[in-house]
Amino acid sequence: MEDNVILRVATKILTPYILLFALYVQFHGDYGPGGGFQAGVIFAAGFVLYTLIYGLETARRVLPLKFAALCGALGVLIYAGVGIATMMKGGEFLNYNYLDSHNAEHGQHLGILLVELGVLTTVFGVMVVIFYSFAGRRDIQS
Amino acid sequence: MLVITALIVVRLENLFTVAMVTGIYSLLSAVFFTLLDAVDVAFTEAAVGAGISTVLMLGTLSLVGHQQKKRKTVQWFPLTIVTITGLLLMYGTLDIPPFGEGGNPIHGHATTVHYLEESSHETGMPNVVTSVLASYRGYDTMGETTVIFTAMVGVLLLMSGRKRKPSKDVEGDPSGR
Amino acid sequence: MNAMGLLNYWFVIVLMMIGFYVLIAQGNLVKKIVGLNIFQTSVFVFYISMGKITGATAPILDSDWSVYSNPLPHVLILTAIVVGVATTALGLSLTVRIHEAYGSVEEDEINEMDE
Amino acid sequence: MMNHLPVLQVIIPLLAAPLCVIVRNGQIAGVIAVASSWVSLWMAWKIFQLVQVAGTISYNLGGWLAPVGIEYRIDTLAAFVLILVTLVGAVVTPYAITSVKKEIDESKESLFYAAFLLCLSGLLGIVVTGDIFNVFVFLEISSLSAYALIALGKDRRALIASYQYLIMGSVGATFIVIGIGMLYVMTGSLNMADLAILLPELPSNRIIPVAFAFLTIGVCLKLALFPLHVWLPNAYAYAPSAVTAFIASTATKVAIYMLLRICFTIFGPDFSFVKMQLGAILLPLSVIAIFSMSLVAIFQTNVKRMLAYSSLAQIGYIVLGISLFTNTGLTAGILHLFNHAVIKGSLFMALGCVMYRLNSVDLESMRGLGKKMPLTMGAFLVGGFSLIGVPFTAGFISKWYLIQGALEKGLWPVALLVLMTSLMAVVYIWRVVESVYFSEFGGSDADEITEAPLGLLLPTWALAILCLYFGINGTFTVLAASSAAANLMGVGS
Amino acid sequence: MTYPQILCLIVAIPFMGAGLILLAGKYHNLRDTLSLLVAMVLCGTVYQLIEPLRQGNFTQVTLLEVTPSLSLGLSVEPLGLLFALVASFLWIVTGLYAIGYMRGHHEKNQTRFFACFAIAIGGAMGVSFSSNLFTLFAFYELLTLCTFPLVTHHGTDEAKKAGRIYLGILLATSVGLQLFAIIWTWNLAGTLDFRPNGILAGTASNRVLSILIVLFVFGVGKAAVMPFHRWLPAAMVAPTPVSALLHAVAVVKVGVFTILKVAIYIFGLDTLAQLGSTPWLRWIVAATIILGSLVAFTKDNLKARLAYSTISQLSYIVLAALLANEFAIIGGGMHIAMHAFGKITLFFAAGSVLVASHKTNISDMKGLGRRMPLTFAAFFVGSLSIIGVPPAGGAWSKWFLGLGTIEAGEQGLLAVLMVSSLLSLVYLLEVPIRAFFSSPEPDQEGTGIQEAPWPCLLAMGISGGMTVGLFLFPDFLYEMMTMVFAA
């Protein structure tokens, strides 16, 4: 597939839109279906497509495995970090009301946004790592 | 429809086809979810069940081969267990609250009422699923994120690094099991 | 209505049991995971079914609607789906490793090798 | 920060896990793991003290009152199990630092610690939570990491063992989910305390018993009660040493804790034991488990496998105590839950030391090891005696209470069986002792075998000493167990 | 030093001694001296307890509480003190003997031997001063475990096999029956303390208590009531000092001592006498007395013969407990001491023969008495005590036992005692008679067999002398035993 010009071009055009759609899913989650998890999957799917067309080598240059794994870990840290932050501010763990000392609803908004970001980061990182691992196994095997 | 697809999965021996049919199964259930008003779930099932799982399945098959060994068609012991379990479930569902009625306990419970009535001003989110997911039960979602992360750690532990020589009894008991 | 609803649940149960059967009866390690997937997905359908209210809409608040299906099962199932895919990923990577170590993914062959 | 202890208990190891992945250095990750597990132990101790003073602690996550939000609820039993899990964690992590170097690729060390910490925090999460679906989530965290950890064993059979465990574990988890769903559909609640109030109010129906059955079977799969135990022996036998020590002493124990929660807290003792007659089902099963698994253990030549079968028998003892459904029986069950974890921990860690030097834990290859590795085998001896139930070891006290419980119910054949199977434990432990102490060393590389390094010995002995300590001064464990038991029994009445 | 402290010290001394012996392991002379010294210190300390007890001081010490209901406690009572005195005194004698024997016989692992020996004595001390059944059981098991290395001392396959039988029977009976009985007792009485007149009276039906006493009698495997007697002959593979002290004194006496204690302080004599199972239990025990004697007859190996003689003699004491009256108990308690001194003398003699001539079979000992006159003289004295004729101590205990049977109205059992005495007369006296009066086999002429090393002879002299001494001055024993009922 790596030699097919049409696919390569199409992928090049499509990838940004897929990523953009992922972001839409992420931020539209408040109003419609969607959220961090779905966005993360789509984000990863975009990347998987890229990998399929351009090959594992190229993809890993763009996004090294280490970095993807880092994303996976970082997301959990972000999520739990929000919880720690609310605790620091005097609320219970993950009580977003305390994130904004004036307006509880703002706090909720911010909190949900942040944790969804955490989910997105983790899911994206994990999906890419898993995909890399399966795709890369053949090289290791031979 | 779903039942037919599931049965196909049981019968098929070419695992590639199985993987694809499983994907279809996921998509069908996603449709079903939409019919049942669970749009978020449908979205996720489509992305995960039909997408990620299928890709993983195909990836695995390309590594391990895709033809299943032919074997005895029906195995009675598992079938008995399955039948008993199924009958038990059916027995239980005889008393389940009627499908689709608003007066069922789960809809009347304080939790649901709270979510539907208070969430808009407590969290400011019109999508109740999101507000429940991220705020009311945000801790579950953190757990969920951790589960995914755990899967990553597990897959990395298993799949990275050099391949080990297939060897039996590097150590352990020579008598086997 | 009640009979129809019950039928709905029973279909789900049949699905579950098909998955369960594949899971415990099949000797192919990949197919077992497929069975697990079917099993779990049917459980998801079971959950979502109980959240449904006839004539209601998805729980996205909107001034046009007053009856919404129960959001809580949806949330639970979102989590469960994620758990499911995590299990699948781990199970499949184990399968790959088993194939590398034994050269087979058929349970009986593997057991023979370890006898 | 003190009022946040319940959540910090789970969050600290959970946060430490991604940190381990980020640092990517095995050494630093090891230090993180040790530090966080020690902090966990300290917190568990603080929580225990708090519960002693203030009674059941409740913590509302996200600030949402239960049942709207998720609630953490810690009573005496939970605090006691917390201590157990964190104690084993705190001992095994330093042990892992040395043992992992030998058994696992250097590049994977940090990931190993991450998985280990995830397993720890998953188990802790199950214990503290008061929300039944949250149980499932944390159950999966601990299970998934356990599958991965077990698969790291050097023998290729570890992979199969892990796969088997994964399948059985997932079936168990799915059964639990089905059970939760049925409870939810009848009540609309996921909060355990709320369920406990709502369930008795329901009119008599057929779905709640079915839900009960599914939850119980699911949990019994996890706790490896006969005949749902087939995954366990291989998993324990082929996992890396540190993993076996940790999982053997905690995972099944937490599953038993879940069983207690389901039977006593959610459904209430009246429903579980009077209406559903759970005792009548668990009692024969546990008796069969105790007897048959002890018998199988006698014929094992791989000592790790032998101990795995012995674990199955010991799980039988614990369940037996629970099934008696009396204060004493329950005390005995909870007590043995704690003591057995300490005992098996020390035994498996001692075997890990042997593995470290010999690369084998075969009865044949351990001949004459008593002279070569006196400290290691000393710890093994202490653990072994405790397993048998020699006086002044932890095992004696729990068996004492167990037999008391059986006698109180007039089940003297059961009491006798417990003693008889103790004798079977004598036989299998004695096989090791005889091979180790009263045989000549058989290996060829006699000079190379020396005492295990201090990094392994210290943690091993820490648990071995605890085996003795809780046998000599059982006041702490007995009081904690009996107050937890009284707490559980009192819920329904 | 206060009274409770002395009590704790007594149990601690042997263990500390074991530690010292291990430390001094490399220096053989120092080690052996230490072993003797510790034994003397112990005996001296136990002696200190006599006066306070006479003044009625029954202080109890709780060492630690294992759980709120189980505690490790020590206390002094006359029977226990009597046993402790015998055991600790004989430790000195045996220690002396063992030095001669182990060196003369060039045994391996002597340090392990002496250390385990000391621990075993510690176990015996613990049993004799235990204030409740739990403590007793704990030390009882300790004794079982720490004597295992002594039994398998030679490390041969035969020794290991014997060790397995030893451990198997003792553990199986103690865990399977005795512990069960103990827990049941706790379940009924709510306590395990030894109390005058017992704790079980009126707690359960006659039938339950009847079962309980059966459990105790057979559960105390160390008392070697048939059919759980096999371990005792098996243990004879051990070096002779082990057989002497442990299998004639400490281990087996711990067994019968336990039964006496259970009878007196757990059941209470009155309760015990009324139980439905007591009469036929007496006859089972009587059967052991006779059968043990008969089997002893058939054994040509001297140690094996002594072992079966021990089995028979132990049942005297068990019988005393089951007769459950004052005379019988006095006789039983005295027999602990009398049989101990007599039997240890016999074992010493047997060991001396082995060291000096490497002979184990009685048929080979023809004429040996001319070369080893002291040894066989001692054997003769010991035999008299076992048979129960003056001027040896055994006469007194048998006298009281006989009174006990009459008191209980069991004249048949009196006959059993008589027959058994006659039997022992024959099988024991055969040995010195052969040694002194048969002419030696021709090939033994001039092999240069001499008396055993002097420590052996000295030890034998002391124990033989004490056997006679106890006949002349039995007052102390009698005083102790009557104090049991004074309390």
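Note that the chains are named A, B, C, D and E in the order they appear, and that numbering of residues resets to 1 at the start of each chain.
Please note the rule applied: a contact is a pair of C-beta atoms (placed from the backbone, for glycine too) under 8 Å apart; a residue touches a chain by one contact, two chains touch by 3 or more.
These numbers were taken from a predicted model, which means no experiment stands behind them.
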With centres defined as the mean of Cα atoms, the chain at greatest distance from subunit C is chain E
By Cα centroids, which chain is closest to the centre of the whole protein? D
For which pair of chains is the number of C-beta contacts greatest? B-C
Measuring from the mean C-alpha position of subunit A to the mean C-alpha position of subunit B, what distance in angstrom results? 21
Rounded Å distance between subunit A and subunit C, as computed from the means of their C-alpha atoms: 24
Please work out the Cα centroid separation of subunit A and subunit D, and write it as a whole number of Å. 36
Whole-Å distance, subunit B centre to subunit D centre, using C-alpha means? 28
Show the residues in subunit B shared as contacts by 2 or more other chains, in ascending order. 39-40, 44, 48, 52, 56, 59-60, 63, 89, 93-94, 96-97, 104, 106-107, 111-112, 115, 126-127, 129, 133, 135, 137-141, 143-144, 146-151, 154-156, 158-161, 163-164, 166-168, 177
Could you list which residues of subunit A touch at least two other chains? 31-33, 37, 69, 72-73, 76, 80, 83, 93-94, 96, 130, 133-134, 137, 141
Strictly by the criterion at the top, what is the full list of touching chain pairs? A-B, A-C, A-D, B-C, B-D, C-D, D-E
Contact residues on subunit B for subunit C in the complex? 2-3, 6-7, 9-10, 15, 18-19, 22, 25-26, 29, 32-33, 36-41, 44-45, 48-49, 52-53, 56-57, 59-61, 63-65, 68-69, 71, 75, 78-79, 81-83, 85-86, 89-90, 93-94, 96-102, 104, 106-107, 111-112, 115-116, 119-120, 126-129, 132-133, 137, 140-141, 143-144, 147-148, 150-151, 154-155, 158-159, 163-164, 166-168, 176-177
Complex contact set, residues of subunit D against subunit E: 389-392, 397, 400, 403-404, 407-408, 412, 415-416, 419-420, 422-423, 426, 430, 434, 438, 471-475, 478-479
Which positions of subunit B touch subunit D when the two form their complex? 88-89, 91-97, 104-112, 114-115, 135-140, 143-144, 146-147, 149-151, 153-158, 160-161, 164, 166-175, 177
Over in the complex, which subunit A residues touch subunit C? Could you list them? 31-33, 37, 130, 133-134, 137, 141
Considering only the defined contacts, which subunit D positions touch subunit C in the complex? 133, 136-137, 140, 144, 147-148, 151, 156-157, 159-160, 162-163, 166-167, 170-171, 173-174, 177-178, 181, 184-185, 190
